[in-house]
């Protein structure tokens, strides 16, 4: 590629814009993290300075540690998010492939049906979902399956909730996979499952990565279904735990900021680990 | 690169179609469609479960208070959407375009950083921005004063004229990663040959972006727009986290989602009204359906899609 | 597909975890639904151990939900059949609706209910008073908490009359060290509850006005109901800069950090303020028009506790509710949660001086409850929620007191016939 004509001026302008936006994106996170290490007076008196000298105080974290089991909440969030994500990607890609690859009766109707879910918040079905889950014994954390039961209920809800968007985006991307390639595969004697898993899936990896991130965020951050389906101490997610904490200590800002920082950091770390995979997926998957 | 006019090979009955569709179809139907239908069904009934036909819908549009709340929420929602389309998506496209330059240094870092706000939950975003904009804490005020703009400061979230736009901008801040990522992925999948051919013709820089890349990522921009539309008309959490279920000040930040929540589940001493809540949900659903159909049948079919 | 491998590994972990079920002994487990997230520690450390020690074989879990989500989450869980055995009751119309739907059980024959007067029970009884469905647990009193050090430094006495009150505010404002009033309008309920319901009873003469409003002989457009709005409108000048975006916790922090002089309060603030303020505090009741006038205070039955009619553990739950009705519970509550006043007939000794101060007004003034809670919030538009909005609009100057009164009365007339 010949991008040698790139002028230094243009590159400086690009960096200026990107740096400005970096500041905007990170400022609130900075404010939370920095202030979570200060004492209450320091939080108010000098909110922007770094937590050194007599401002320094880990009291907020001590309070959070005493009153909430954040490692457990984190574990719950991770289990629910990862498992639901797995099912959304697998089932979603399969359905999207069927819809974009084959002409069959009811194709567009099925597509529309599967897309209905992005147009209406699943929260509205709460009462029926709760009845369904409780009649299947999936809301009781003290039953034979322990805390796995409410977590399974959450996974089911999030899988259903994530599917419409996944199918919608993935079928859009699957239409860009070359037919020649698939037909060549068929001539080589590959069956449809092999074509899907061996040929198509690797090619739509950028889209899969994108869908993975979009699906993960609302699941990780959801407050409502953990509150309804899994509110007990052993099944709380990070978001619910942090929210409860805000309710409990709403005027104790050192503790509140520490809880916020603890809720932000795990996602950040997870994302930093994940983003390498994600970006590798996006860049290497781009079909040339 | 070939345009999408090659028909897939037609075959007789194929069981694998069922296998591919069944898992998604079953989970989705049982856990999402069935509960939603059983809720929407209630919009045709009164509170004591007698069938009333469209009476709830009539009431929603004729009762002076209810209809005023509804139109207020709808017009707020439209503004909320406009701000997203005019601020979030253009900035998202701009950032994606800058990042897609393979010569750019540190692009991995930028990309990672820009997506961070999108990872945060509404609880955190609402709370943090409330703190930052708080007149009591004075972070924003102090920063504006230090650059000589102190007189511009307003308690925005508390002012009827500014609160909704402020929240929309906070929401832009939070979700900018989504248009950025989708368009970034689309830009990356443009084959190098296309770019090289353009450069041979002397099309570079911004004109290359406008004439070559932008048309090629139009389908992705289409998806971004429709996702923004659906997301905005379902939005609820940010307003709820920042302003409460009463969507203050004076309902100036009320969106269809908060109106629905307040009506369906109740708020403070207001009892939940499942029938009217379902009615509002049904109307919201029709609005979103209409928007998505305009996209699917009016816009998407006209977009040229390229197989690469 | 490395990325997929990661997912598969994680789901295998999940499958392993699923095996780690938990088995409990034969104990009966009771779960309490509540919105009092603030009190979690006191329930866990004091109240529940006291009950469990006396009742072996019953285990109790206090499972609070944030106040803003409580009503919605509770009603969804009750409808879905997964709510806890014991339900913390909002006063009046909200709980009555749950009883009418058959979700709260009648507690008429509960041992310990005889400890409560009819007035205490009225917040959780049917309109005819025949059935009570929650054990009255606590009342909260409104008034003003002030920074006593600031008052001393500025030479201000506790104001008795409205003129003295505004004179004090003027003096604090002129001095400039303190924000005179710590109140904001961002969360709306603050303006209505700490503002309108706090100062209002002195205008509408407590119960007399409240009952007349319900009977329809007084209207929200009458002078006694509009005047508190007019006084609220005057508060604007004494509130901090940017009060429009000031939240409830902002107000609390302004006061406890010593930046504001007077906090329009509910007695439930006492515990938190004691823990966070490093200066001396005092309290005074809402000032009256002229010295020697009868004073009226909002002494609001705020919190009760009832029995989920669908609970499988009715007997154990009733034992717990009888415990809540006992003097033992009242003593723990009054001292662990100063500012929540037990409603049982037997008096309880209160140790905290600030809580004592609030309680002492009961003998000097006439008590009433918040005017919008009983009966008038049963329909749509809901008078309580409308009052939040009106109080804010009036303080901001966006609506005149008269217009607010007229709007509220019109809303009430649209569904309520005395």
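For reference, chains read A, B and C in written order, and residue numbers begin at 1 within each chain.
To be clear about the criterion, a residue touches a chain if its C-beta (ideal position, glycine included) is under 8 Å from a C-beta of that chain, and two chains touch if they have at least 3 such contacts.
Predicted, not measured: the structure shown is a model, and the values here were computed from it.
Ranked by how far their CA centres sit from the centre of chain A, the chains are topped by C. Between A-C and A-B, more contacting C-beta pairs join the chains of A-B.
Inter-chain spacing, taken between the CA centroids of chain A and chain C, is 37 Å.
Separating the CA-averaged centres of chain A and chain B is a span of 16 Å. In chain B, 137, 261 are the positions where the chain touches two or more neighbouring chains simultaneously. Shown for chain A are the residues in touch with two or more other chains, namely 44, 126-127, 129, 209, 243, 246, 253. Chain contacts: chain C has residues 68, 76, 253 touching two or more partner chains.
Residues of chain B touching chain A in their complex: 2, 4, 6-10, 14, 16-17, 19-21, 23-25, 27-28, 30-36, 38-40, 91, 94-95, 98-99, 101-105, 108, 110-125, 127-129, 131-132, 137-139, 142-143, 173, 176, 178, 181-182, 184-185, 188-189, 191-192, 195-196, 199, 204-205, 219, 223, 227, 230, 234, 236-237, 257, 260-261, 264, 277-278, 281, 284-285, 288-289, 292, 305-308.
Of all the residues in chain C, the ones that touch chain B in their complex are 68, 71-72, 75-76, 90, 92-94, 97, 184-189, 240-247, 250, 253-254, 372-373, 377-378, 380-382, 384-385, 388-389, 392-393, 396, 398, 411, 414.
Within the complex, the chain A residues that touch chain C are 40-41, 44, 67, 78-79, 82-83, 85-86, 89, 126-127, 129-131, 134, 139, 141-148, 151-152, 201-202, 205, 208-209, 212, 227-228, 231-234, 243-244, 246-248, 250-253, 277-278, 281.
Contact residues on chain B toward chain C in their complex (touch as defined above): 65, 130, 133-137, 141, 154-160, 240, 243-246, 248-251, 261, 265-273. Across the interface of their complex, chain A is touched by residues 1-4, 6-8, 10-11, 13-14, 17-18, 20-22, 24, 29, 37-38, 40-41, 61, 63-69, 73, 76-77, 79-82, 248-249, 252-253, 256-257, 272, 276 of chain C.
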